[in-house]
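These are the structures, in structure tokens.
You will see subunit A twice below: alongside subunit B first, and alongside subunit C after that.
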Partner chain A sequence: MHVKDGVLKYGFVGPALIFLIAFNIFPLLYNIYLSFTDAELSGGLARFVGGRNYGVIFDDTRYGVALCTTGLFVVLAVAVELVLGFGLALALRGPFWGKSVVTTILLVPMMLSPAVMGLYWNFILNGHYGVVNQALAVLGLFQPQWLTDPDLKLLSILMIDIWMWTPFMMLIALAGLNAIPPHLYEAAALDRASNWTVFRRVTLPLCSPLLFLAVLLRTTDALKQFDLVMAVTGPNDRTTQTLSALLYQVMFRGYKIGLGSAYSLVILLLVIVLANVFIRYIASIQAKQGRDVA
Partner chain B sequence: MVSPHRATHKRETPMPFLELQNLQKTYPDGTRAVRGIDLAVDEGEFIVLLGPSGCGKTTTLRMIAGLEDPTDGQIVLGNRNVTHLPPSQRDVGFVFQFYALYPHMTAKKNIAFPLENIGTSPSDIDATIDRVARALGIEALLDQYPRQLSGGDQQRVSLARAMVRTPDVYLMDEPLGTLDAEHRLELRAFIRRQQLALSTTAIYVTHDQEEAMSLADRMVVMEGGKIKQTGSPPEIYNHPADLFVANFVGSPGMNLIDGQIVQHEDGLAFTRLGANVHIPIHLRVAPPRAILGIRPEFIRPANRGVPGKVVLGEYLGSHAYVHVDTPLGELVMHAPDRFAIGESIHLRLDEGRVCLFDPDTGMALARSAGMKDVKLYGRSISQN
Partner chain C sequence: MRGWRWLVIVPYFLLATLPLCWLFLTSLKTQEAAISSTASLIPTTDENIAPGGLKFSATGDAYRKLATPHTGKAHAFFHYLFNSVIIGLLSALASVVLGTGCAYGFSRFRIAGTRDWLFFIFSTRFLPPLAVVVPVLMMYRLFDLPNTHLGLILLYTAFNLSLAVWLMKGFIDEIPRAYEEAALVDGYSPFQAFYKIILPHSATGMAVTAVFCLISAWNEYGFALALNNAEAVTVPVYFAGLQGNIQGIPWPQIAAGVLIFVVPIAVFTVLVRKHLLRGVTFGTIKQ
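Let's look at the complex of A and B:
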């Protein structure tokens, strides 16, 4: 049967288009609409309230605290994951016996669901029967209350996130390192560069576009941090309430759909702005070097 | 003829500047890339390592640079045993076939890099880059990134980077291999001029015999990880040590004819299918069989001589290579002009330029001594 190109065109694009409109564009537009209403999960007629929800957000002290918590979480998690991941990648770069086994084991944390990981770590870090504190007890050391001490709760979540996502950084850094042509290292050795100079002036700049990409992906992901908070402390803990946790609390515990929609748009805006800054930076590096890294 | 053999010079210090002693490289997979190389290079000499791919020439160069660790043997550079030293502790400048420029640095930064590593002051770096860039004609390109440059310009930058530090020895690994014909000739002349001007020792690797002959003070022809012959380009060209060199050097290679050696009434003669060639070579013991080698340019059309029929002509403007079917076999002749295919002609072989090889070992039996001191026989070709 002969199908006209014009028909075929829509046949290929159509399903994706319908999916995009149904699950992305319509919900986004509907979300924007809801953010200007006082819609509630309990039902009832939603009334248009103008920008009132946005006013509520900026008056809400919880919002400021959650913003700080999220910011702190993102900066610390991404920074530590970057340094550890890049370090691991440098260590794993050369050939050694058992390399593939070691690399596979290191990737395991990344492959598990964050919600499941949160529950596991709940057991591991439990103040009474957790394996960590039992080990500390055997060694005669101080046993911190990882999950209940207000000063430690965020740190515990950070540690879990770092444990989970360092392998991701390592994986991307490893790809970046492997993409550096070996003859550049030979040239650098012949040019009498010290190991530190080679790292600083060859390895790091050539790897940096991919590292920035990894940082971008991790940052946008960490900004939305929700699963670990939910699993470890619950969404309404003052010291660990991230923006997403606050959003969940408002929307699904407080039933305030309108206000929650406004919260979600604020988070979305934040992510878009940050992502754009990163993407522009990566693009500027690539334009200069003329390389296709990402 | 330039022949910088040590033995011919009287010197205070008989030590060569660079010496390879029984140099060997066997890779972990068992490949024996280099099987014992002995070579002594004088200061200021331009040495070309020539051979087909896989002959061990690049591995040899990389061992001199310190990029490969020799399995056996020694490398002595400027009275210092550098055999197992890392590249940074040898004073060598290396030019890679594929440029190996740092893609994230401008041409200027690339050239400055080796100087920065040895702590040269910024003002000295600028002055040196200015000088080298002018010599290479790349002043206008200094602020460009490698990917913005053509292959030829990238290789200029790469040459500049190898030159700025004025190393003890330049090592060049087929630097012109990837360039187009025009840039290749231009850069080839530049490399030679620059090396002569600075009289820096240079080792240059190529598989292009024409490039080798045009650049070298001394050529080293390699095959199968071993040196086949070392000598000045005319020595290699006119007196190949064996059949491999005879065939590999020269384009087209030497005509090689398998035949019998017979005692002629007035000397040694080579004969095949009734055609005879006189040979002004004196052998103590003449073997019954031999392979005769003669270059295309020492075969000329003549009124008398070996009869033949033109089977193919390759016209190249300034001259033509004419393939002629003769009793001696198909011979390639360097002729001033074209011949019609099928034309019957006679060929005269310049017997003063004939080489003889042992058909079993492939080694040269004896070399006719070259044009100057060869006694030419009155009658060159006799027919029956």
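Let's look at the complex of A and C:
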């Protein structure tokens, strides 16, 4: 079927590609144009202002702070989720009674809407009537003001993110564990290797490619963090303002689209660098899979 | 011997599920009981229960109140739920149709730069919604699309297309080419081969892909917030807008609404559980 398919194949791939270009390449180019203007959300005539917006980014400390907040959030969230998720996967490994039910229930939080669950967590963490603080009171423990203490707000957002996304790490880690050939463990047992040696020499190295994939996926996702920040503190809280929240604040509360576009291009540059690492990695995995099949 | 696993599983299981149980309990309470500083845990059918105890009288009021508009809102919860359903379903359908065609094209034909195209498609998923939404908004203003269902449907279709293409390519790659070759020998046209052989064989894949597209549109917040303030508001945006309400946040109603909003997703999660891994990794890992 390689003779008459000249037009047909473009009929298959064309519509999707046109769609993606219209919603991705066009906005990107338009963003570049806007970033050199003083355009406002309300419309009106935009004037060319040269590199002024980019100058503002480097003078404005908000951008640097948001970058650090996002970085801190991503590193902490991904690290804790990885450790917890991997630990859970190790615990869930092998057959036991009720395994599939337990595993499926554990996976539910990651399928829920972060914006909606974030709002609901406000209720749970509320300083006056929140059930978490009431439980802490019953236990006679200190009751932190999760949502209003400037030192704790980011931590609260982190906890919600960890609640939602640990199952994601768990799911991928489980797949990695299940793919380890049992004969490696049999060989290790014959060699009288200690549990720790088996973990370090067999389990961890054989799982690590999938864990790395999970970390990359979570990292790119956590970098976009917006929904939980909006739900817990709103977009203009200095202690929790991630890059996306800052963008929202500048563009939709401050109406400064030109400046916002310059911000978003700098963010995009970051994301593109990361996406490249990611894509190379996926390509190498796929090449490996291809070799295994062949 | 492996009893230690429960030391990990049980505490985490409780942490993961207690918030959801609490959601259900809250939806059965009155506003006073929900924001009481002594939490009550056990629903009963008794009418008169002294406040402050562990028991509370369960009521379906929160669910009933969802049918009437909340103070300061134009519509009742179900209006926004309907918006979410329409936008989610239609955008999932469109993503699967476009994605399946595209995946088939890349799976079976020689197309220049196939790998680059696929990675371009993949990379579109990395863009933060807030970083592309303003140009989209400007473009939409030209066509009167802000505040419309169609506007969000088109945007979510584009947003989910990367997922749909990658997932469907994984599924279609698994269908042996011999099936189509046999059909072509029997005199089918290439398009008939796609229509009569590939589509039936990838039905499961399409259903799974549709579920993942639906969930991601259902849960989306950033685009929906930026593009809408009136007509096509979806549930996440509606709920977020209840924050800072003068009369206090109506927690039992929110709990009831959240429950109605998340139960379908929990059901879908169970239905596609065998394909979850594929879904969340863009088909790069197959079980």
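By definition in this document, the second predicted complex is superposed on the first by the 270 of 294 C-alpha atoms of A that agree within 3 Å, B and C clash if a C-alpha of one lies under 4 Å from a C-alpha of the other, contacts with A are read in each partner's own complex, and residues count from 1 in each chain.
One rule holds in what follows: a contact is a pair of C-beta atoms (placed from the backbone, for glycine too) under 8 Å apart; a residue touches a chain by one contact, two chains touch by 3 or more.
Keep in mind it's a predicted model, so treat the numbers as computed, not measured.
Asker: Please indicate which partner A:247 is in contact with in the superposed arrangement: first for subunit B, second for subunit C, both, or neither.
Answerer: Second partner only.
Asker: Would you check which partner chain A:108 touches, where first means subunit B only, second means subunit C only, and both and neither mean what they say?
Answerer: In the superposition, A:108 contacts subunit C only.
Asker: For A:49 in the superposed arrangement: first (subunit B), second (subunit C), both or neither?
Answerer: neither
Asker: Now for A:155: first (subunit B), second (subunit C), both, or neither, which partner does it touch?
Answerer: Touch status of A:155: no partner.
Asker: Mind working out whether A:123 is in touch with subunit B, subunit C, both or neither, as first, second, both or neither?
Answerer: Once the two structures are laid over each other on A, A:123 reaches subunit C alone.
Asker: So in the superposed three-chain picture, is A:34 touching just subunit B, just subunit C, both, or none of them (first/second/both/neither)?
Answerer: Once the two structures are laid over each other on A, A:34 reaches subunit C alone.
Asker: Count the residues of subunit A touched by subunit B and by subunit C, then name the partner with the higher count.
Answerer: Touched residues of subunit A are more numerous for C.
Asker: Of the two partner chains, subunit B (first) and subunit C (second), which one does A:136 touch, if any: first, second, both, or neither?
Answerer: neither
Asker: Once the structures are superposed on A, label A:76 by its partner contacts, choosing first (subunit B), second (subunit C), both or neither.
Answerer: A:76 contacts neither subunit B nor subunit C.
Asker: For a test of understanding, state which residues of subunit A touch subunit C in their complex under the given definition.
Answerer: Checking each residue of subunit A against subunit C gives 1-2, 4-5, 8-13, 15-17, 19-20, 22-24, 26-28, 30-31, 34, 41, 43, 84, 87-88, 90-94, 96, 100, 102, 104-117, 119-124, 126, 128-129, 131, 134, 163, 166-168, 171-172, 175, 210, 213-214, 217, 220, 223-224, 226-227, 230-231, 243-244, 247-248, 251-252, 257, 260-261, 264-265, 267-268, 271-272, 274-275, 278-279, 282-283, 285-286.
Asker: Sort out for me which residues of subunit B touch subunit A in the complex.
Answerer: My answer: residues 65-67, 86-88, 92-94, 96, 98, 100-104, 113-114, 117-118, 145, 147-148, 161, 165.
Asker: Which part of subunit A faces subunit B closely enough to touch in the complex?
Answerer: Residue positions touching the partner: 181, 183-184, 186-194, 197, 201-202, 205-206, 288-291.
Asker: Spell out the residues on subunit C that touch subunit A in their complex, using ranges where they run on.
Answerer: 2, 4-9, 12-13, 15-17, 19-20, 22-23, 26, 34-39, 98-99, 101-102, 104-106, 108-111, 115, 117, 119-132, 134-136, 138-139, 141, 154-155, 157-159, 161-162, 165, 180-181, 184, 190-191, 193-194, 215, 218-222, 225-226, 235-237, 239-240, 242-243, 249, 251, 254-255, 258, 261-262, 265-266, 268-270, 273, 276-277, 280-281, 284-285, 287
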